[in-house]
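When the chains are written out, they are named A, B, C and D in that same order, and each has its own residue count from 1.
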Amino acid sequence: MDLTTNSMLLTWTVFTPAIGLTAILALLALRPLLRLSQQAVDEASRAIGLMASLAAAALGIALWADFDSGTSNLQFIHRFVWMKSWNIEFFIGVDGLSLSMVVLTGVVFLAGAIASLPWWGRLDDHHPHFSKKRVPAYWILFLLLEMGVLGTFASQDFFLFYVFWEVMLLPMYFLIGIWGAPTRKDPDGRTRGGPYAAIKFFLYTLAGSVLMLLALIAVYYASGPATLADGSQAQHTFNLVHLTRQAHDGIFVKAGAILGIPFVHIVFVAMFLGFAIKVPMFPFHTWLPDAHVDAPTPISVILAGILLKTGMYGMFRFNLQIFPTGVVWAAWAIGILGVINIVYGAFVCMAQKDLKKLIAYSSVSHMGFCLLGLAALTPQALTGSVYQMISHGIVSPMLFLLAGVVYDRAHTRDIEGFGGLAQKMPEYTALTGFAFMASLGLPGLAGFVGEVLVFLGAFAAQDGIFRVLVAISALSVIVTAGYYLWTMQRIFLGPFNHRWEHLHDMNWRERLTLYPLAVLTVIMGVWPLPVFDMIRETLNTLLASMPAGIAG
Amino acid sequence: MTDPIVSAMVFYALAAFTLVAAGFVALSGNIVHSAFALFATLFGVAGLYAYLSADLLAVVQMLVYVGGISVLVLFAVMLTSGLDGPLTSNPTFRLGGGIVLMLAVAAAAFVAATAVPSGVESAAVPTTAAIGDALLGAYVLPFEVVSVVLLAALVGAVTLARGYKGGHR
Amino acid sequence: MHEVAPVLQDFPLLFLIPLLPLLGAVWNAVMGARMQRRFGNAAVHVPAILFPAGSFVISLWSFITLAGAPHGTSMYNYLWAWLPIGNLQADVAFLMDRLSGVMALVVTFVGTLIHVYSTGYMKDEPAYWRFFAYLNLFMFAMLVLVLGDNFLLMFVGWEGVGLCSYLLISFWWREREKAVAGMKAFVVNRVGDLGFSLGVFLLFWGLMTTPASPPASNHGQVDAHGAAVAAHGEEAPALGTSVAFREVEQILQDPVKRTRIVDRNVLGIGLITLVCLLLFVGATGKSAQIPLYTWLPDAMAGPTPVSALIHAATMVTAGVYMVARLHFLFTLSPAAMTVVATVGALTALFAASIGLFQNDIKKVLAYSTVSQLGFMFVAVGVGAYWVGIFHLMTHAFFKACLFLGSGSVIMGCHHEQDMRKMGGLKKLMPITAATYFVSCAAIAGFPFFSGFFSKDEILWKAFNSGNILLPGGGLILWVIAAVAALGTSFYMFRSYYMTFSGEYRGAASHGHDVVAKADGAHGAHDDPHSTDAHAAHGAHADPHSDPHAADVSGHDAHGGHGHLPVESPWAMTSVLAVLGFLALAGGYVGLPLLWGLPNVFEAWLEPVFASTADRVTSAGFGHGVEWALMGFSIIVAFGGFFAARVLYKDGRSPIPARLIASESALVQGTHRVIFNKYYVDEAYGFVFVKGSLVLSRALALWDSRVIDGLVNLAGTIGRAFSFLQGAIDRLFVDGLVELVGNVIQAAGTRMRRVQTGRIQAYVQGMALGALALVALAYLLAW
Amino acid sequence: MTIGLPQYLVVSGVLLALGLFAIVTRKNAVAILMGVELVLNAGLLNLVAFSRFGGGLDGQVFALFGIVLAAAEAVVALAIVLQVFRARRSVDASKACELKE
C-alpha cells in the first residue's frame, strides 16, 4: 500500500482553522494601523471564526463526498519527513473511522461557532455574556482547538498524533478557565468555577497523555525498521501503517517485558488509561461534570460532542489497531468498566440537581456503550460503538445548546427551580423533549441505532460474560428514561412557576444551531446507511486482524 | 703573597668595623648618629669588596653609596627632624619583637653560612676590564634597562620633591 | 401440516399506510397552531382525519388484493436497508399478511372514528392542534408496529406507541398528577420493552450460534453458555441469522434446525422458552398484564378519546398481536404458552375483582380492559391465536364504544367522572345510553352480541386446550376465566345502572342549591372506603354492592333544570352509533363451528397459523361439552346482569350501603384492600421508584465525595508535598549556603585587624615568613 | 684559618639582621630607609662573596646593577619621605597608618 502524498484536501481541512487564526492575529496586529474600534475587531474576528469553521465543515463534507468507501486503506494522504533525526513524519491520512470523526468535528464546531455569537441585543448588562468578553482571543483559541482536534483525527503518525493531542488540550484550558463561570464556593464550602474546572481538566488529561507519551516511546523503540517519506531507511518508526503491519507480524509480542510485565500488556494499559481519561471511563470521569458545569455553552458543546470522542477514537486507532491481542486480553475489564459507566452514570444522573451536570453524567453513561461495544469485538458491536460515538456527537451538543438556551435567560440551571416552562416556551419544550427522546434511545432516532447495535453485538459475543453485561446495562435503558422524563416533568410540565414570567422563546441564533442538529438526528436514526458504508471497511480490517476465533 | 694570618686579621677588622657601624645605625637613639654610622657601614662594606678583590665594585661602592646615598640620607635627616623637637626623634618601639627577629635572622645566617660548601677561591685578578666586557656583552640589556630605571627614578624624585601645583592635596 | 412457502407480492403503496398519519402529524405539529388560530378547529381536524382515513382506504385496498391473492401470500414493500451490518440484516420493509391486515384495518378504522369523535370532545381545547398531531403520530407508530417486517422495525413502532401514549396521557400537563401519570406509563412500558429487546437479542444470538448441521464427530454438546462447541474445525454454518419474522419462521419450519434450536438451553432453561418469556415480558408491559399493568388505570388521566384509542382498542393489543405474530416460537415451548395463558387468566380475574368497586367510570373501564386483555392472552396462550385476534377485534369495537360513551357522559356532566355523582342519564342522553347498554351486553357476553362469540370461544378453547402443563390442563384456566367473565358482566352493568338509571345525582342545577349542597356535602365527607359494600364471602360469591346512591336517592330532588347533562353533539353520537352497531354485529364474522355456520374469521387467519397448527393439541372434548359450556357462559352473563340490576337499578336496594357500613373488620378490611387496588401501586412506588432514587442519591453522593474527593485529595497531597519540599529546600540547602557565607565573613572580620597600617608590622611579617620558608627548606633538605 | 665563604655569609647575615631590626623598630622613616640600605648592602656583599668563591663575574655585575638600583630606590624613597614630612610635619612612620582596614 503506497503511502505517497496524493491529495492536499485533507491538509486544507485540518489547517483552514489555522488560516482563520492567523487572519485574526493579523487583524489584531494591523488594528492600530487601520485605527479599528474594539467593536469592529470583535465583529471581524467573529466573522472570520465563523467563516473558518464553516470552511472546515464544508471541506469535511467534500472529503466525504469523494471518499472511496470500498477500500480500508488510507486516502487523501499527505506525508513528508518532519524530524529526520527521530524518523518523525508529518503524515496525515483518513480512513473510514477518521473521516467520520473529521466530518463530525466539522459539524459540531460549526454549531459551536454559531452558538458563540452574541445574543443579538437581548443581553442584560449585569450578566456579562461570555460571547462579549475578549472576543478575538476567544476565536483564536476556538480555531486553535478546532485545528488540534482535526489534526488528532487525521494524523497517522504516532508522534504527530501526540502533538495534536496536546495542541487540542491547551486552548480548552483557557476557554474553560477564562470564559467559564467565575470562581464560587459551592454549598459545602468547596471552591468551584471556571478556573477550578479548567485546572482539573488540564491536569487530569495531561496525566493521561504522559502515560501515552511513555507508551509512544516504548512502541517507537520496539518497532522495526521502515522506509521514510523521502525513501531513506529508518531504524525505528512512528508511522502507524508500518507499526500496524509490524504488530501483526508479532514484533511487539517478541519485545522484551518491562518491569516483568509483558510488553504488549503494559503498553496497552498505558495507552488505554491515557484514552480512558478522555472517554471518560468510570473511575476517571469526575472532571467531566465540573468541566461542563463551568464551561460556556459552545465549549461544553464541543467538549461533549468531540473531545470525548478523541478518547474512544484513540482506543480504536491505537489500542485496537496495534494491539488486537491486548483488547482480547483486556476485553473483560473494558466490558465491565463500560457497563459500570452505563449503569453508574445513569443512576447518578437521577440525583443531579444541575441540568448541565445531569447531561454530563448522561454523556458518561452513553460513552459507556462505546466501551462495551469495543470490548465485545463483534462486527455489530464495533459498528454500534462507532455509531454511538457519532450519534452522541450530534445529540449531546443539542442537549448542551438547549441547556444554554435556558441558562442564557434564567441564569440558573437548577432543575428544581423551574416548573411549567412549557407554557412560556412551547417551542423550546418541544425541542428539548425531542432531544431527550433522542438521547434516551427512542427507536427511529440516532441514539437507538448505536445502542441496539452495541447490545446486539455484545450479546452475540464469543465470551459468555457479555450476555450478562448486556442484561445489566440494558437496565440503564429504564433508568435513562426515568431521569430524562423526571427532568422533563420538573422543568416543563406541571403548574407554571411565576418566577419565570420574563422568559421568552428561542431566538434565531438558537434555532440556527438546534434545528439542523434535530434533522440530522432523525436522518441518522432512520437512514444510517451512508455512515455504515463509511466505517464498514475500516472495522472489517480491524476485525480481520483479530487473533483467530474471535471475529464474531 | 702576604701571610694568611695577617689577611685574616684584616678581614676580621673590616668585618667588625662594618658590623659595629651597622649596630650604631640600628640601635642609636639619635637619628644623626645613625646617619653618620651609615656612612661608616657603607665604608666598611667597600673595604670588604676590596678584600674580595672586587676592585671596581669597591670603587663604585665608594662613589655611589658613600658619596651619594648617605649624603642624600643626611640631607633627608637634616630636612625632616629639625622641627619637632630634639634630634632624638628616633625612638624605637616594639623592641622585643625586633630583637627576637634579629636574633632569629642571625641564627639563620649562621646556619646557612655553615651549610654552604666553601667554593674554591678564585684568583684575585683585576676585574674592571672583564666587567666592562660583561656589561656591554652578555649584560647589555640589563645595562640599558638600568639606565631607563635611573631616568624614571630621577624624574619621579624631582616631581615628588617639587610637590603639586596646588600644594599637597 | 403442509409447508406453505411465504410468497411475497410487492405492493408498492404499503409504506403509505404508516406514512400518511405521519405526514398528518408533521403537518399539524408545524402548521397546526397557526391554522387553528386563523381558520379555527376545522383547519386542524380536517387534515388530521383525512390522513388516517387515507391510510384506512389503502389498507382496505391492500386487504382486498390480499384476499384475492393465493394462500400464504403477503403484501411486501421494501424501502431501504436500515441496519445491514455483518450477518444482521434489519431493513425498513412493511409486510401485510392476513394477520397484520386485520390489525391494520382495525387500527385505521377505529382510529379514524375516534379522530372524528375527538373533534367533538376536544372542541374547546386551546391545544386542539397538538392533540390531533399526537393522535396522528400514534397512528403512525401503531401502523409501523403492525406492519413491521422484522423485530427491530416492530420495536420502533413498539416504543413509538409508548412515546405517543406518554404524550397523550400527559396532554393536560398543567396538572402535576396527569404529567406524572404519563411518565409512569412510559417508564413501565420501557421496562416491558427491556424484556422484549433482551428476547430479540437472545433469539438473534441463539439462531446465530446454533450449528445447523448436526456436528459429525464429537458429542456436539452445547455448553451452558450456549457457545457452539460443536465443530472444532471450521465454524459450522449457523442456522442463519435474520430478524425478519417470515425468515425466522422459515428457519424453524425445517425439522432438523428446529430440533437443534429447541433442545438448546441457556442457564438451565430452554432457549426458546426463555426467548418467549422475555418477549412476553414485553407484551405484559405493553398490554398491561400482571405485573406491569399499574400504568393503565393511571393512564385514564389522558383525554377520553385517548383512552378509547390507545388504552382500549389499539396499543394495548400490541402484546396480543406480537404473541400471535410469533406463534411459531411460542408453540415450540408449551411452558411459555402455559405461562402466557395463566398470567392472562390471573390478570383477568385480578382486574375484574378490582373493577367491582371502582367509582370512577373510566377506572372501571380501564380495569375491564386489563381484564379483557387477560382473556385475549388466555386465548393466544392456549394456542387459539385466531380467537385471540377475534376477541381483540370485537373488544376494540365495544370497548372503544364504552370509553367514548363514558366520554360523552363525562362531557355531559361537566367533566365529572365519579359515577356516584351521575345517574338518570338514560332520559337525558338516550343515544349514549343505548350504545353504552349494547356495548355492556357485548362485553358481558349476551348471546348474539359480538362479545359472546369471541369470549365464549376463548372459554371453550381454554377448557379444551391440550398444551397447558397445569394439572387438569385447561380446566383451571376455564374456571378462573369464567369467574372473571361473571365479574365482568356484573361491574359493567353496575356502571351502566349507576350512570344511566335512577335520578341525576350530579351538582345539576343552581335552583336547588340546598339539595345539591346537601347531596354534595353528603358525597364530600364520604371517603372512598366507606361507600361500597362488599360481599364478604369469597370471590365466587355473587358480589353485589350497594351504590352510595341508595341512601341519598330517597330525598333527591326531582332532577333540577339548568345545566342538566345534554346529549353530545352528533360528531360524537354518530361514532357511538357506528361502534355500537359493530359491537352488536361484529361477532357474526366468527360464528362458532358448533353451529355449522361458516366461520369467516378463522378461515381468513388459518393460513397464517397453518405452519404451527399441528403443535396446538386439544383435550379432545366433544361437541356436547362445548354446548354445555356455551350454555354456562350465557348463564354467567345473565347472572351478572341480574345481580347488578337488582343491586343498582335506580339505586333502590339498600344492600350495597349496608354492606359497606357493616362493622365486621373482615368485610371492611377486604373492601379497603380491594378498593385500593391491593396496594400494588404503592408497593411498586416504594420498592422501585423510591429504591432507585435512594440508590441514585447514594451513588451521586459517593461520586462527588469519594471519587471526586480522591481527585481533590491527590491535588491537596501534591500541594502539601510541594510545600514540604519548599521548606526542606529553604532550611537545609539554603541554610548550608548561608552558613558558608557567614563563616567566611567572620573569618574576614578577624583577619582585618592584621591590616594595622604600620609598615614595620608588614615588614616584620614578611621577614618572619621568609624565615619560616628558609627553616622549612632547611628542614626538608635535611 | 683562611677566610672562606662562610665568614662572608655570617657578616652579611648579621648585616641583614641589623638592617631588619632597624626597619622594624625605628619610628623615623629615614631610619627605616637606612635599614633598607643595610639590607641591600648585605645582599650585595653576598653576591660578591659568591662571585669570588666559585662564581664567575656575574655576581659582581649584578652587584653593580644592585648598587645603581639602590641609589634610584633611595632617591625616590627620600622624595616620598620629604613629601610625607611636608604633608604631616613629621616622619613618624607609626603615625602614617591611615591606609589600615
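By definition in this document, a residue touches a chain if its C-beta (ideal position, glycine included) is under 8 Å from a C-beta of that chain, and two chains touch if they have at least 3 such contacts.
Note that the structure is predicted; figures quoted are calculated from it, not measured.
Peer 1: Hey, which chain is the most central one here, using CA centres?
Peer 2: A
Peer 1: Measuring from the mean C-alpha position of subunit B to the mean C-alpha position of subunit C, what distance in angstrom results?
Peer 2: Between these chains, centre-to-centre, one finds 134 Å.
Peer 1: Averaging only over C-alpha atoms, locate the centres of subunit C and subunit D and give their separation in whole Å.
Peer 2: Their C-alpha centroids are separated by 128 Å.
Peer 1: Can you compute the centre-to-centre distance for subunit A and subunit B, using the mean CA position of each chain? Integer Å is fine.
Peer 2: Result: the chain centres lie 102 Å from each other.
Peer 1: Could you state the distance in Å from the CA-based centre of subunit A to that of subunit D?
Peer 2: Between these chains, centre-to-centre, one finds 96 Å.
Peer 1: So which bits of subunit B are touching at least two other chains?
Peer 2: 94, 97-98, 101, 105, 108, 112
Peer 1: Residue numbers in subunit D touching 2 or more other chains?
Peer 2: In subunit D, residues 20, 24-26, 94 touch at least two other chains, as defined above.
Peer 1: Enumerate the residues of subunit C that touch no fewer than two other chains.
Peer 2: Residue numbers touching two or more other chains: 760, 764, 767.
Peer 1: Judged by the touch rule stated earlier, which pairs of chains are there in contact?
Peer 2: A-C, B-C, B-D, C-D
Peer 1: Quick one: in the complex, what on subunit C touches subunit D?
Peer 2: 752-753, 755-760, 763-764, 767
Peer 1: Given the complex with subunit C, which residues does subunit B contribute to the contact?
Peer 2: 94, 97-98, 101, 104-105, 108, 111-112, 115
Peer 1: Which subunit B residues qualify as touching subunit D in the complex?
Peer 2: Against subunit D, the touching part of subunit B is residues 4, 7-8, 11, 15, 18-19, 22-23, 25-27, 31, 34-35, 38, 41-42, 45, 48-49, 51-54, 56-57, 60-61, 64-65, 68-70, 72-73, 75-77, 79-81, 83-84, 89-95, 97-99, 101-103, 105-106, 108-110, 112-114, 116-122, 127, 130-131, 134-135, 139, 142-143, 146, 149-150, 152-154, 156-158, 160-161, 163, 168.
Peer 1: So in the complex, which bits of subunit D are touching subunit C?
Peer 2: Per the stated touch rule, the residues are 20, 23-26, 32, 93-94, 96-101.
Peer 1: Quick check: in the complex, which residue numbers of subunit D touch subunit B?
Peer 2: Where subunit D meets subunit B, its residues are 1-22, 24-31, 33-35, 37-38, 41, 44-45, 48-55, 57-58, 60-61, 63-65, 67-76, 78-83, 85-87, 89-92, 94.
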